[in-house]
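Below, each structure is written out as structure tokens.
The same chain A turns up in both complexes below, where it pairs with chain B and then with chain C.
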Partner chain A sequence: MSTTVTSPPRSADGTPLRAHPPRDDRIAFLMLAPVLILLSIFVIVPTIYAIYLSFFNWSFYQDSEFVGLRNFTNALTDPEFRAAIRRGVLFVLMTLPIQLLLSFLIASFVTGVGKRLGTALKISVYIPTIISAVITSITFALIYEYSGGLLNAVVGLVGIEDQAWIGDVRLALPAIAVPAIWMGLGLMTLIMIAAMLDVPESFYEAAELEGANWWQRTLYITIPQMKNVLLYLLITGFVAAIQQYELPLVMTGGGPLDSTTLPNLFIFNHFRGDTYQGYSIAAALLLFLVLGAISALIFRVLSSEKLVD
Partner chain B sequence: MKRRTLLSAAGLSATAASLAACGSGTPGQSKDDADAAGDRTQIEFWHRTFTPFENEWYADIVKQYNDAQDTYFVTDVEVPADAWEQRVKSAQAAGTMPDVYTDPSTMDEGARLGQFLALDDLLDAEQLDDLTDQAKELVTVDGKVYGYPLLLEPQSALFWNKEMFEEAGLDPEKPPTSWDELYETCEKLLPALPDGTFALTTAGDQDTFAWATVGQQYQVSGHFPITDDWSEADTDDPKYEELLGFYKTLREKGYIPKQPLGPYVEAKAYGEKKCAMMTSGSWAFSEIASDYEELLDSTGIAPFPTSDGDLSDSVATLGNFKWVIDAKTEQPEAAADFVSWCLAGDVENLVPFFVGTQFTKAPARPSVADAVQAAPEADDAPWSAVVSEDIAPASISNPSYPWDILLAMGKALEKGMNGEDPAAALKAAGTEIQKVIDREELAGKAPQD
Partner chain C sequence: MTLTHEPSGSTAVTSPPVVRRRRALTPTRVLAGMVRVAVAVLIIGAALFPLAWMAIAGFKSKQEVVRTPFQFFPEVWRLENYRTILDDPAFVRTLAITGLGAVLFTLLSLTVNSFAAYAFARLDFHFKRALWVVVISTMFIPGMTILLTSFIVVTKLHMLDTLAVLILPGAAAAVHVFFIRQFYLNIPRSLEEAAMIDGCGKFEIFVKLFVPLSKPPFVVVGITSFLVFWNAYVWPVMTITSPDLYQVQQYLATFRSERSSELAMLMAGSTLAAAPVIVLFLIFQRQIIANIKMAGLK
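== the complex of A and B ==
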């Protein structure tokens, strides 16, 4: 059997002529262009510039001084920076598991009830997501007020004395975790509802025929089928929680005694207060590395894969 | 031209036109300002949001200046106080700082970094000499003047509600003067106060402790937490431990709330009668007069109690907002003319400010102080003498060492208030201060008297 090989068209000097990209590719590049341009302007170029500046004692009024890796070593050896990162991870542990669990339960409930009630529930749970974080912070700060606050009025009804919800080192971080959970619940629940509705009904029908109860159906069908969505929520939830910034800024200013100074607030405070800017930039880049490393770890542990119906 | 292209062009033009109609093309400037400016040299002036009266005064003084001459035009920009720091940092990074702005910091760091223009060559010598000694000290670094102060105000004073004192069986005209008297007063007040009302409010977080208690730190120990030559930390002092113990006692006994009722700089909690006594800067009186007028007659102001009751040593530092000229201004003459006209010129420009702020701020120029005291309204403000005669003269100037040193002590005080071991808290502060000394190579850089 013979095979015919067609050589590509060549120019006069013998080099192959480059074929025109297919029309679909051109449209794809065209549609990607705005995102790529914006990403370059607002993310890629500033990041490269930030990396460059992190090697300097950057002053706005004097010539910047090259300091090598000193800003990075200063940040890495700063116990307050390390404490802020640890606090950020603790904050993730306080918020993300509860958010995932509550979202899952609410989503399960919404998919199991009638359409009208389900819609009402979806709207109710989504409303906090569209409220500004600053408004949420102010609202919760009023709830947590020591004198005349709503929460102390409620606990007072059962004979508990007034608590310094955001003034006590032990209570302040959990106190700002509550509005963080509340704000993140809506989007997470909607995504879970979408994922649950995507699970083929035939799986459940077969399981029911086999006599599987709700727990078994959830454990062996729903959760495995939602694996990729859960992975997405885990990563985005982790990144959002560790980067939480508005709540401690407005509600506590990072206090008492730095107990709510999360990593981004720590960096922001240095940006506002430092004479030179190299340290805050280096700290921000180190946080970026921490986020990337932990996200990669989550990906590796819970490797994503294509769903097979 | 194709119809689609024509429509797109028309849309873009309309958008550009509407955007242009919104402003002048100059950041911070409205179209009206641009029209009024005409071909005059334009500069920009930033100040924070203060009380409503002060904001009106700032807007008015700029308008008066613009009306008074035809050479320069100033655009006044009021920046929300809580956004001030980030806006200034962003503008500094982008090189878009205003020509003139108000600055509350000590001048040393800004002068060292080259942020401010020295005024010596821009203002007349007699205008600079017209400042009080205290005011001049605040703006002078190594013999050069880097800002022109509008006012001096004690950053710590005691306010008390005379009606609440009477209800508790206390003499409403006799505020406590020592720590022991303060404890006794609080002890008597507490049973007479309704639930949720406290005897006293003070600074409650490390940032506020950092600047609001510098005078207290000095009063108890007779020195700052850094040696005079700035070569070593100097926090290992039993007197500092006593100061930490003072705040611990206030917290443990329930005299002050476990959670601040509001920012130290605001009088809201006092105005809402959530406390019988309040510690704040003298400016709080103008807030009371503005927002809680019904409390004006029943409010007293006095120096904050000292550890031993000797009020000749004030526990207050003097803070103030200086008007400074940014080093990168392209119009230094215009900026200097504006500062000179508003602050160093006709005293009548300034008298309304001090009268309107209820005589709670001390003018930076003796000639203005005399004019303010001569104002007819001064007779109805008996507290004005307390601020200008009892508190301000005994106050000390803000120290000029870096903020991180102030913050280290602020953190120690917050730890002490929260019940941590005072010696350990001060040791940690000493370590932090030494780190700052080494990092910024401060040894030997202390300003010479």
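== the complex of A and C ==
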């Protein structure tokens, strides 16, 4: 976008200047007003306010004190916050690879069956996605119940003794990973199905003529053709999983011994427990910097080919 | 969320290609067919079992639900838990108030987001690109980052313990603006040009031409909004203390911690609270499934 004499003059937002001002200003701003006002009050102002407060030791009840970057250094050096981040990464490793693999397998299966069965499968795998985290937590907590719970009855059949699934430091995080996988699988599967159906049929026909088996077709056609979708699911799946906090909030409250305190739950518990805020806001901002940047980047990369007109 | 609209032939996306030749029924083919059915049953079972288990537990007695030795089905299927909780005015009120809030939230979300989507798709105004960037940027701000400061804002606006604090903050959503705008960009301009010759204004064109064509994106945005509201837990817990306005997830979580011996009844209540969204999804499943694609990608 040069400013040489030869190029047509452009306004600040990059659109060519017209002889007359844009015609629709009045109606456009009237129609945009509700969204702009709501976003300003409930998203933009809170964001700016959060950035501002992160430099203060702030409390609902007392005067705040400017502390510069101390909240950020405190968060970065806090062993508990670091442990929560590590736990978050561990949680991602427990959920995301399994979700990607399962949804890929289910999607391959669904695209190979008849239409009716395919629809039944798609509806079924999507239903867990619409169930709330609270109801999911309540239901899985019932399954994990120590005495008289379903899971202990099942493992009892193969001679394993009763376990306190969500009460045991070693088992609690995996026990929360299971409902997280269950809830997140539907959306991933349906996105993969759509992507698989977009692969031109002729590719497979050619492969079939060459005598390629399912494994070869998957490895040399399906996966390379789906690489953008897989990348997208990997990144959005990572961002979603590391932010999970409602399941541990309801099922364990973060315990036992912080073993299920995922990063967002760590921050949330500080919001609720601390008199002085600032620290938790700084921690939340740090998370935002990383995750927001990741999602914005992926959105830009993947959309650069197609959307924004 | 990751929904984007496929302009035409979106049903083709859902239906797997049915190019199958009839072949003779050999034992291997019969076996393959049986394996296929078995795998399908396994997938459907794994997806739906926890919900079935929740509903079954609702039919058990207080003792049966956690009895040792373990008991899969109730000895007698009793409706008692379902009946008792439906007789509890607090539970019925929470369903009603959450439902009312969800409907208002959905209508508001459809209105404001489609207005903005139309403006960005079709109108010509100052600062269009800059405003677009601002709106889209809000999509990347995680809820946790602004949870506390949003709470401070609504406290200062004296919105605590009102229906407004549940409805207003989430109504405008960049994802929805983005999604509806993508759909509008694919509507042929020739349609409006005819209307413009007839002397219709820009707003009239939106109401008379775009809204009637908007069923596909409105179904997706509408259902998503309804679900977001119905399933919300943390925000209601932070902003609602009056039992009159208790939201359904908040009610269930409170029930769980305060009446831990009534597990069977909690399961009945959870089943009843999950039922409306499942029914809603089943009604609109075709449109929803057809529209699930990766944002902005083909």
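We adopt the following convention: the second predicted complex is superposed on the first by the 245 of 309 C-alpha atoms of A that agree within 3 Å, B and C clash if a C-alpha of one lies under 4 Å from a C-alpha of the other, contacts with A are read in each partner's own complex, and residues count from 1 in each chain.
Just so it is clear, contacts are C-beta pairs under 8 Å (C-beta built on N, C-alpha and C of every residue); 3 or more make two chains touch, one makes a residue touch a chain.
Just so we're clear, the structure is a prediction, and the values are computed from it rather than from any experiment.
When the two complexes are overlaid on their common chain A, residue A:Gly148 makes contact with chain B and with chain C alike. Of the two partner chains, chain B is the only one that A:Trp165 touches; chain C does not reach it. By the touch criterion stated above, A:Thr218 is placed in contact with neither chain B nor chain C. Once chain A of one complex is fitted onto chain A of the other, the partner contacts of A:Ser108 are absent, as it touches neither chain B nor chain C.
With both structures placed on the common chain, the touch criterion links A:Ile267 to chain C but leaves chain B unconnected. Taking chain A as the reference chain, the count of touched residues is higher for C when chain B and chain C are set side by side.
When the shared chain is aligned, no partner comes close enough to touch A:Ser64: not chain B, not chain C. Touched by chain B in one complex and by chain C in the other are residues 145, 147-148, 268, 271, 277 of chain A. Contact residues on chain A toward chain B in their complex (touch as defined above): 59-62, 144-148, 162, 164-169, 253, 255-258, 268, 271-273, 275, 277. Those residues of chain C that touch chain A in the complex are listed here as 2, 13-19, 36, 39-40, 43-44, 46-48, 50-51, 53-54, 57, 65-72, 111-113, 115-116, 118-119, 123-132, 134-135, 137-142, 144-150, 152-153, 157, 168-172, 174, 177, 182, 185, 201-203, 206, 227, 230-231, 233-234, 249, 252-253, 256, 263, 266-267, 270, 273-274, 277-278, 281-282, 285, 288-289, 292-298. Residues 11-15, 21-25, 27-29, 31-32, 34-36, 38-39, 41-47, 49-50, 53, 106, 109-115, 117-128, 130-136, 138-140, 142-143, 145, 147-150, 152-153, 156, 179, 182, 185-187, 190-191, 194-195, 197-198, 201, 228-229, 232-233, 236, 243, 245-246, 249-250, 264, 267-268, 271, 277, 280-281, 284-285, 287-288, 291-292, 295-296, 299, 302-303, 305-309 of chain A are the ones touching chain C in the complex. Residue ranges on chain B touching chain A, taken from their complex, read 85-86, 89, 92-93, 95, 109, 113-115, 196-198, 204-207, 257-261, 269, 274, 327-328, 402-404, 411, 414-415, 418, 440.
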